[in-house]
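What follows is a set of structures to go through.
One chain, chain A, appears in both complexes that follow, with chain B as partner in the first and chain C in the second.
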Partner chain A sequence: MNAVRDDHASAAVTTVVLLPLLLTVLAGVLQLGALRVAAARVRAAADLATLVAVNDQDDAELSRTGSLRLAGDASDVAREYFERELELSEALLAASSSEIAAMADIAAYPSAPSVDARTGARYQRPAVRLAADVPVRTPVFGALAFHPVTTIGVLAVSSPR
Partner chain B sequence: MILRAAAFALALLATGASPALAWDPYDEASGSPEPPVSAPPADPAPFIAPPPGLYYVTDTYVADVVTVSGPLTTYTTTTIHESTGSYARVLDEVGTGTLSTFDGAAFNGRATLTDGRAVAGTYYENYLLTNDGFVPVSVVFFQDDAELARQRANTPAPGASSAGPAPVAAPAATGPLPTGTCCGGKGPGEGAEREPRDVDPPQLPIRPGVSLAPASVPLTRIEVLRGRVVSIWLHAFAGDREVAVRAWSLASGDGGEAVSTSGGGATPFRTSWARLAPPGSAYELVFRLEVDTPETGHRLVDAHIAVSVRSPALQD
Partner chain C sequence: MIAILVPLLFSILEFGAALERWLAQDAATVQAARYAGEIGGDGAEVRGLLAEQLRASGIDPGVATIEIAPARVGWREPVRVSVSTEYRVAIPFLFTTTLPIRSSAISRGEVNR
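Showing the complex of A and B:
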């Protein structure tokens, strides 16, 4: 009977001691999951922005040569749609969507072939490339002595095939 | 009760029975007769295959005509638009100076240029449909050639002095020949450039053109985005100047979501493509243009354009 009482006491002590650790691990896992969700959303936003940007072509060039050349505002269109898509996830972001979109490195290559100065990639067709660093809030990581803001790098390239 | 029911059923069977008249092919012992053999149907009239390439004639040969217009001498053939119930087929298409196995077979002969070379044209054979099938009746030559006086001057005619210009020789068949057996309808695979005409304008070559604007450079290939509406304008050129297109129609190819597959010369072909062509290929469109001007006559030409449909895609 005394041995049982002793076991109860040690279980309570163990729980009290380990509970913070368990809660910390749980919070870290949840934060990691949220970060992955945010990364997926940012990547989708970049992909969509470049796809929309290449879905327009220069009519004058089409009439003159018959070849496909991107519209002159392809970069602006990509930036605009990137901002619009990020607005949907603004609660996860550590900066405003307009600031992030304004800082994004967006390059349009209206005609092919062309070489991307940033990545060195060679494009055989007209292309739009978007590269951005997106700061995402990670408060749990901050509470755990990590950075409260995690930056996600995203790169998207789209071209008409 | 059972006996009465059985008797009723037996009676019903007996009254409703009919002979089967079956024939047992293996029952040789019983000597049963062979099944009645019906008389074979009479053979239909034997099918007489027409010669390949035969077509019904709608334009009849009238005469060979030589037209001298300045330095240009044109050798053409006039026809009249009528049907005499006969048929024809192309025997041979010959170029300038090219010999043919049918030389001398045509009732209207084959004229020669001033340098002695035979003119270009087409040999047709005329047929009449009789009870015995298609019977060839004659061969006619449709001349279709031209020469420039400058060329004649540079090319000494046989027997002519090279110092002076060669005289314009009277062609062998300048006078109007009596309307002979028919020929000259446009056959199914013939090029439109060879179509005989009711009038005798000079045979200016017609060059088709396709552009994406009413006044723009002709294109042979275009790249358009999927779903994008484009207007394709059809043009025709005679020599170095544009002539009016009377009408056009989409002869072959996938026209996509076209508003219309035919129209007048002032109307573009408006369409968009919702589907991509198979990988590595393009939509090959062929438009048939109808040109009918005093300087060209009534002509049909085909304009070609390849359309590559693109769609935005992510790159790895």
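Showing the complex of A and C:
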């Protein structure tokens, strides 16, 4: 009986001693999950921004030659929509959506073939490429002696078909 | 001991499921926004696609609040799709609560009216 009571007591003590560690692990897991959601949102924002930008074609060029060519303001449109999409997740971000969009490296390749100066990729169709570093709030990581801000790098390329 | 370990385990499971649902709802909303831009705003097709995507992710579209604004967009005009649902989190010995899960995405009208 004494041995069983001792076992119960030592298990309870072990649990209480390990409680801070278990709570830390729980908080870290939840923060990682939230970071995953933020990363997915940032990726979707970049994808939508480039898609919207390439959906608009240079109508005069299309009717004259029959070939697809991006509208002249494609990179401005991509930047504008990247900002709009990020604005919807502003609570997750560590900088304003306008700052992040302004810093994004957006390049339009109106005609094909072309070579991306940043990635070296060769595009067989007109394309818009968006590359950005998006700082996301990670307060739990900060409390655990890591960085309170995690930067997510995103790269999106879209072409019309 | 049980009163500590069980809530911890359930917290991981319940909040993990909530995050998974958030991801799925976000993805469905982005798809719906793309489609809304393509057909020029709100329509039965967009709501049908959204309902199908939500159902495939285990979310009952009947309890989701869906807003597509503006209802009709022209060439190059922005259209926003917002979806809001609630997820019930129950942690034994601790609490039961309802988490609001909100997703939004913006696309651009592709219909030249």
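General remarks:
Criterion: the second predicted complex is superposed on the first by the 150 of 161 C-alpha atoms of A that agree within 3 Å, B and C clash if a C-alpha of one lies under 4 Å from a C-alpha of the other, contacts with A are read in each partner's own complex, and residues count from 1 in each chain.
To be clear about the criterion, a contact is a pair of C-beta atoms (placed from the backbone, for glycine too) under 8 Å apart; a residue touches a chain by one contact, two chains touch by 3 or more.
Keep in mind it's a predicted model, so treat the numbers as computed, not measured.
In the model built by aligning both structures on chain A, chain B fits alongside chain C without clashing. Judged by the touch definition given at the top, the superposed model places A:Arg118 against neither chain B nor chain C. Legend: residue contacts after superposition of the two complexes on their common chain; A:Asp56 is shown touching both chain B and chain C.
Within the superposed three-chain model, A:Ala12 lies in touch with chain C and out of touch with chain B [touch as defined at top].
In the overlay built on the shared chain, the residue A:Leu22 is in contact with chain C alone; chain B does not reach it. Of the two partner chains placed by the overlay, only chain B lies in contact with A:Val157; chain C stays clear of it. Using the contact criterion defined above for the overlaid structures, shared-chain residue A:His147 touches neither chain B nor chain C, since it reaches no partner. In the superposition on chain A, A:Ala127 contacts chain B only, with no contact to chain C. When the two complexes are overlaid on their common chain A, residue A:Ser67 makes contact with chain B while staying clear of chain C.
Here chain B and chain C sit at a least CA-CA distance of 7 Å once the structures share a frame through chain A. In the three-chain superposition model, chain A touches both chain B and chain C at residues 47, 51-52, 55-56.
Those residues of chain A whose C-beta lies close enough to touch chain C in the complex are 11-12, 15-16, 19, 22-23, 26, 29-30, 33-34, 36-37, 40-41, 44, 47-48, 51-52, 55-56, 77, 81, 84-85, 88. Of all residues in chain C, those touching chain A in their complex are 1, 4-5, 8, 11-12, 15-16, 19, 22-23, 26-27, 30, 33-34, 37, 76, 78, 104-108, 110.
For chain A in complex with chain B, the touching residues are 47, 50-52, 54-57, 62-68, 123, 125, 127, 156-161. Of all the residues in chain B, the ones that touch chain A in their complex are 211-213, 216-217, 219-225, 228, 230, 308, 310-315.
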